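One structure, as structure tokens, below. Some questions next.
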């Protein structure tokens, strides 16, 4: 195993204009926000973002104009409602939104990971979602019945935030695990940020907790509060207050101000955390 | 007691859909669904299995749990017997299709039981919704599909959905004879393959047939002498208010706009004060 | 979750003549031997046995005449060599052996588990193994290239031995995990034996160790040394001495004697363990 | 030292095939392969990753480990950083195809690099072998496939394998330009797509070209002045004998019949005496 620990700035160099970038986590849970901030600061453009359920990750990327297309089964802030910047951009056609379902994303990734050329299934047949995806329908060579051919999905890079990892990228993901492991298997490259970098001895204590092994990881970054304002069980819950103020800024046309104040006007995610303030972090902190 | 709110009536109706050996899957942002699961488990369905947080956390509950906004994931993990992946959630749904119960909240539902959480409006003036997530995948597979609509309105109950997401009883992909239930603040409705379009199963006490007709965007037959929904029992109300949702988080599914934001902030402060 | 704890005798009633029975574990690791003994004592016939890598499990089932067909990617005793009864029966045609590879088994099970109608892949094209499997080759609806259609595999029952489980069947499998979880997903029924039945509180201590959740399990049986003479990390290693004497009995035409002495002539797996003796168990014991 | 056994020569050759960032996958019953992995890791490839026990246990090794018969799985789990499933093993092989190294032991291998662990003999008189396990799946995918044959004999090195399992360089399914290596007790051999059939890469010290020709069941060109295999270094021999395999478990891959059983039983007693 080789050491893969780098700075988030270094890691983000893997991401180039126009790439298909997959994002782990789910909606407001364990999104790799520090990596997203790094992408925004790097000025990368024309990304095609793919995620199972998008939240502040997708909305920010769209708000900052880094995105050309979004593929997801859901984009929203769960209990807080719509993702305002994403929604506007999708409605006006500024970005191309490809609506997936959980299955259509997982099937495409599974095909890639398992060396299948596609996944043939009856699911979604008859829906407008399948129609819009434009996936081919063909006759089963076994039964003759019509089937959907779910083509391979191959992200160029996947961004994942894990609870802990060692310097080689042996990572433990807890709570809402979503499709992070599957994304890692199907992606050409994987950038992992971890709330804590721990020793390999620590990882070895319960090897079955390592659900994202180093064999699928290309770069590792340490970042405390790296999922903020989304949650990172067991360390902190989501900062709904911050997200409410973010949504308010979008509503009142002040999203550029938000971006400058919290992301593009700063030099690092640490500065963002300072700007958010210790009191806010205290509110959501659950375990050190 | 015998006094209850529309959301409590709904939750009780939803809970009743759960059978003892069912596997209940929780999707995104659905406090009412979770209250209903916990209620069923505390009453007639103690053996039901609950898969929380989009399903990947399998929890073991021996006594009524409290729902939460802030600590949703933390409370589930406290009682987790298994932490899987989303692929595995689907593999569970596929293997146990006949025992799965999942409460979906549609933005639109039509008389054939089709649902839509994708796009509202035809032609150019479209509203982009957050998305159907897993509903379009699995709804045609389940023998029993349950939708819930906290605000029974014409813009939700439409003649034909603007965009076909979750398929109704016309779906060719349907695996078995299907029955679709829709629980709303006015009553319980059903769509099955035999009859072909939505009918009333029961009307909640105090609701008139006219109210239903007025708020439904398609012709819905309401025969005389239609069943009245059995109201919640004192035990059910007690469990909801005292054990499962004492902060009244469930009301978030009914409120909208400024009022909702205000209530949400109040709820967050209350939860914060109780931080585990 | 419902309680599923039954006796192995009760559980084995699920298995009927002619069924396709899948067996977990790998070669001489964590084979559900107590359940295999139960099948042999019940006199069930005409089974079609499927396993990734067979060892004493397959060899015993074949020796006792319970088996009509075997499907596996490997059948042998690893460091101890050939599986003698299996080999003879396969060579003489007394059983039908279908040679799989790891991929052909996993692909068939994956298709079932993931609601795919089959798995289309280029793997194994051109091999005699694929020819013998008789799988269809068809043209990809996406690229036009020829692909193999790996059809669904749906075992009627799967037998698995886990390290520990609660009474609902939430099980933790450790060490060589093989394809047990995949078998459980694809099978109609799953019978689980566990080295230890523990409380659900015990299981909840590390939920990510539960790699075989109760949702896939139909019956649970408690059986200490339930994998003997194969291994069950961390409790005991394989009893190679017992397997060597088993192989010797096959070589010297005394397999019927072995079967009577250790299995069919006894009333339970506990009696088998008595017959094996405490001294033998002491040799392999690693942790209580 | 400069005295070494044929199996040690082989192990050193195998170890040399491992590059520093490779992922080494261990299949079934292959003590020599494991010794070679550990040796490479202790010398020129400290960053290599090792996946043990049919690959599903990912181990972290910072100093040379001892191989074992009885405690194979236990020793791997002691140093495990990850415990996956067999599906995941394959997904790793598929994703990291270019970095995977896996030592296969064939029952037959032919001049085109095809291998067979399934059936020996044509027509009726067939011998059923344990099976190819994963070799037929993955061998045509790897840019580098390494076979090892502890007893270089005519019945192993055949003109055409009786049954096509692992595909050689003629395979259409091949993903990339492939190179196949075969390490035996006589030398190191290679098959690549350009030349099309097996050639000698190097001959072990003390082995004559005639010995190779006699023991190979097909025509094999041996040019004059062919490379002699670099013998093991003292460091390599020391690591093998003192650190990695002091009990000499590796000899089991060379012995056969009664002698092998006797040695095995002796080894088991020695291991038992050292029970952790």
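For reference, chains read A, B, C and D in written order, and residue numbers begin at 1 within each chain.
Just so we're on the same page, contacts are C-beta pairs under 8 Å (C-beta built on N, C-alpha and C of every residue); 3 or more make two chains touch, one makes a residue touch a chain.
All values derive from a computational prediction rather than experimental measurement.
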item	value
Any chain in contact with chain B as well as chain C	A
A-D against C-D, pair bridged by the larger set of C-beta contacts	C-D
Centre-to-centre distance between chain C and chain A (centres being mean Cα positions), rounded to whole Å	38
Between chain D and chain B, distance of the C-alpha-averaged centres to the nearest whole Å	58
Between chain D and chain C, distance of the C-alpha-averaged centres to the nearest whole Å	27
Residue numbers of chain D (touch at least two other chains)	57, 77, 83-84, 87, 90
Junction residues of chain A - those touching two or more other chains	103, 106, 110, 114-115, 122-123, 174, 208, 211
Pairwise chain contacts, counting only pairs that touch as defined	A-B, A-C, A-D, B-C, C-D
Complex interface listing, chain D residues touching chain C	28-29, 31, 53-54, 56-57, 69-71, 73-74, 76-77, 83-87, 90, 118, 126-138, 140-141, 163-165, 167, 171-173, 252, 261, 264-265, 268, 272, 275-276
Interface residues, chain A side, partner chain B - complex	26-27, 29, 52-53, 72-76, 78-80, 82-83, 86-87, 90-91, 97, 99, 101-104, 106, 110, 122-129, 174-182, 211, 231, 233-234, 237-238, 240-241, 244, 283-284, 286
Residue ranges of chain C in contact with chain A within the complex	103, 107, 110, 114-123, 136, 138, 140-143, 145, 147, 149, 151, 172, 174, 206, 208-209, 211
Of all residues in chain D, those that touch chain A in their complex	21, 23, 47, 49, 51, 57-58, 60, 77, 79-84, 87-88, 90-92, 94-96
Complex contact set, residues of chain C against chain B	1-2, 113-115, 166, 168, 170, 185, 200, 203-204, 207-208, 210, 213-216
